[in-house]
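Take a look at the following structure, please.
Labels for the chains are A, B and C, by order of writing; each one numbers its residues from 1.
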Amino acid sequence: MGPGVKASIMITCLGDLFFPEVGEAMVTVLRRLGVTVDFPAGQTCCGLPLFNSGYHDEAARVAERTVRLFGEAEHVVVPSGSCAWMVKTEYPGLLKHDRILKAAADSLAARTRELSQFIVEVLGVTRVESDFAGKVTYHDSCHLLRGLGESRSPRTLLRNIPGVDLVELPGSDECCGFGGSFSVRLPEVSTAILDKKLGNVEATGAGCLVACDAGCLMQMGGGLSRRASRVRPLHLAQLLAGGRR
Amino acid sequence: MSEDLLRVPFPQRAGAALKDAFLQEALTIATTKFIDLRREAFEGFPQGDALRDRARGIKEATLQRLDHYLGLLADNVERLGGHVHWAATGEEAREIVLRLCRDRGVRMAVKSKSMATEEIDLNEALEHAGVTPIETDLGEYIIQLAHEKPSHIIAPAIHKTKGQVAELFSRELSGRFAADPEVLTAVARKELRQKFLQADLGITGANFAVAETGTLVLVTNEGNGRMVTSLPRLHVAVMGMEKVIPTMTDLVVFLSILAKSATGQKLSSYTTLVRGPRQPGELEGPEHFHLILLDSGRVRQIGGPLREALYCLRCGACLNVCPVYRQIGGHAYGHTYPGPIGILLTAMLKGTDSVKDLAHASSLCGACKDVCPVRIDIPRMLVELREQVAHEHVAPVAERMLFRAAGRLMASPALFRLGARAGRLFQRPFTRGGKLRSLPLFFGRWTATRDLPPVAPRTFSERWDELDGPKR
Amino acid sequence: MTTRAEFLGRVRAEMRKVGAPGPPAAPERPAHLGEAAAAVRREMSERWPEALVRFVQEFERVAGVFHRVATPAEVPGVIRAIARERGAREILTWAPAELGMDLGPPLGPELAVLPAPPGGGELDRLRHREEAARAGIGVTGADLALAETGTLVLLSGAGRPRSTSLLPETHVAVFGPGALVESLEQVGAILEALHVDPARSMSGAVINFITGPSRTADIELTLTRGVHGPKFVHAVFVDGLGGAPR
């Protein structure tokens, strides 16, 4: 449980540059749950964009950096399913050429979790006190859902916020069309996929769209903003933190 | 695939598909239907997961003794009076078929659905040699009349309306037919019945070949597989060499999950087990049976990075769930095999160069891997293909430079911070209402259709000192 | 042209690249093939009534039409009714020995019964082909009736031509309790046993699994039946039809 647990934040490149408020919300929530939070300096990126485009040597160098940076962390908490997946699933393979680095990668993989998984599995908490209220719908990001097999923790946490009315999103398990560089290599296809997703989102009548991945939020948020939708895209951490809008 | 089509770059082919309103509707309806049918079939089938694991295990075990099983298959087919040919390339396979046609005086051939024969462009070769090939699978028959290529592995004519089919039949078969599937099916039945009865040669592919018994297995719904292997006097089967499986016990494992994955049926209407030419005392069946085992890039993958793609059963389940396929359909891919597995198969058959764009025609969402009956890890292999594309210098120089630079940026916190500051500087003229709505150059690809959040005035790292202040 | 040795040589060269990953998992199957099939027979001699219930469910689900009679003598009546319904005048059948009954006397002269010829000569073949193309109904037996999927399994061979269940618009399969099996797994065991000594157990080259009528959804995903094969499939279950099939 809370007191005594120390967690290091892996902020992710998109989180650091574009969604610092999500990082702040994460800190707020974790502290509320009694976690001592720290932030190893010098973070950049987990290397997923390099890996997915086939630049594996470069990705391995970034992986090595990250593994060293978080060497002392007891728990590593990530506000992004795709980055958590990268660290847990791909780092060991990228670093297998060096026995010591591979061992360090295995260790980091075991200590790293996406935020909702950390709260539910490590802290054993399923109900976070938050004053957030409204009708909300949840998008399953691909790496969290299929890569890490996680679809329950976020929904449990959402349902247990007293003011939240969680409405299931039809096709919640369908991709939002981000796919990293895919979104700019094939922008028309990416947008067509996005339009289908946003059609489903708006049909739910929810005022808020929640996800656990910065890439998905950038893509879906970018589309919602472009069509001046009243649906607000928010990260799970922001609902859990609550506070005035 | 049509060379003209391939001259148009993939992004443009994809763009054209997105603008085709009927195609969009047809794709949505068809893929959604197949997804629902498959889900229902597996929901009522708890043994499904274990059987999929077993199926994958059988495929892997077969690859590990592939030479043995291919030899065993050939021995058994020959023992039954059949002939086995070994084709290293598509061209060799075509040559073998053409030679058989010449030797046996074949003028007309009826074909049941075979992706392998599509792959090697057999129909074109037959026509040039004066042999008329007639596709008998209704979907394939339609596209043959229309001079098109299939757009889906299971439902080749999914991109055509019933009106278009009626028009096509009316034109090609001299009649006036209503745009009613029942009517059109009856027309095809009558027309093709004659062809089955008159044809000199029946050509099939094979879903499986059981090594231990020398049996070819055809999974169909229409009955054309049975016609083609029973009525003409000669039967030729073209089969990718990776379709061999060891035993009948193995066969039923695959049968229990194949039709469910493809169409949601427990079994297709017909599963036909063919052991060679007709037996003495049998009234019907071909006098001669020839099996052509096809390499054409497959053998090289036994020890290669696309090895798992050799497990593929050609069920089409991955196409139906792929967000990209669902938007652009099969033709836009430009090759015989579309969809997620299609990208891997194209690389296998035509080399890395052929997929320099297609390797990126995926958001790596993983839905394909979820539904694959033999659990092929398609996303992983797509990433490996991308690595090959990057390393073999197939990717454009500018892209490689960009990613190398990005790599350096991500490896250095100082450069990363600099990048953030540069971003904040450059975005200023483009920020409107707290968002970036229109960016120049490369970034315009995003902002053409989506807003972008600006780089934050202070990044999380820059805010940390304050956040760290009041400690618990 | 590539020889077998060259082709397999290339296969082996690639296999060596992967190295030896340990002995491959032996394909799982019953240790004694004949025994497993015999075990299925024994089991089914008890369980056939349950299997029949499931068979009917699944058979009807794939648009099969099911009939049940107590004795072989009642079978012609069922066929006469089907012929009337479909306006059929000619009935193609397997040879009486294969069918377990001779339909000629009870159905004629009102209906023309065309049994498979005993011979296998070219003349017989041509005449049979013409008959098969005309007949409105084809009557066969069924070597297996698979309850799990509502499937009829037919072995081709002497006196049991392939087109009887393929060319006519209506296919009628007549079988008894001995044909019923429950699962695809059991079918696998039986197939294994059949192929232990195929020359003895099978006189033909084809085994057909038939699950409902011929169908397609290739035009706008609209389901239509009777594309190339039969449009209607009937099963006539005869309680009193004994004799174990294969």
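Convention: a contact is a pair of C-beta atoms (placed from the backbone, for glycine too) under 8 Å apart; a residue touches a chain by one contact, two chains touch by 3 or more.
What you see is a predicted model; the values in this text were computed from it and never measured.
Graph distance from chain A to chain C, where chains that touch are one step apart, equals 2.
More contacting C-beta pairs link the chains of B-C than the other of the two pairs A-B and B-C. Using the average of C-alpha coordinates as each chain's centre, C ends up farthest from chain A.
The most centrally placed chain, judged by C-alpha centroids, is B. Per-chain CA centroids place chain A at a distance of 55 Å from chain C. Here the CA centre of chain B is 31 Å from the CA centre of chain C.
Those residues of chain B lying in contact with chain A across their complex are 11, 14-15, 18, 323-324, 327-328, 359-367, 369-370, 383-391, 395, 403-404, 406-407, 409-413, 416, 420, 423, 435, 437, 442-443, 445-446, 448-456, 458-464, 467-468, 471-472. For chain C in complex with chain B, the residues that touch the partner chain are 1-4, 6-8, 10-18, 21, 24-30, 58, 62, 116-117, 120, 124-125, 128-129, 133, 148-151, 156-158, 161-163, 166, 184-185, 187-189, 191-192, 195, 198, 202-222, 224, 226-230.
Remark: chain A residues 11, 13, 15-20, 23-24, 27, 31, 34, 36, 38-39, 41-45, 47, 49-59, 61-62, 65, 142-143, 146-147, 173-175, 177-194, 218-219, 221-223, 225-226 touch chain B in the complex. Chain B makes touch with chain C in their complex at residues 26, 29-30, 33, 54, 57-58, 60-61, 63-67, 70-71, 74, 80, 84-88, 92, 95-96, 136-139, 142, 155-158, 160-162, 165, 181-182, 184-186, 188-189, 192-193, 196-197, 212-213, 215, 221-224, 226-227, 229-231, 241, 246-253, 255-256, 263, 265-285, 293, 295, 299-304, 307.
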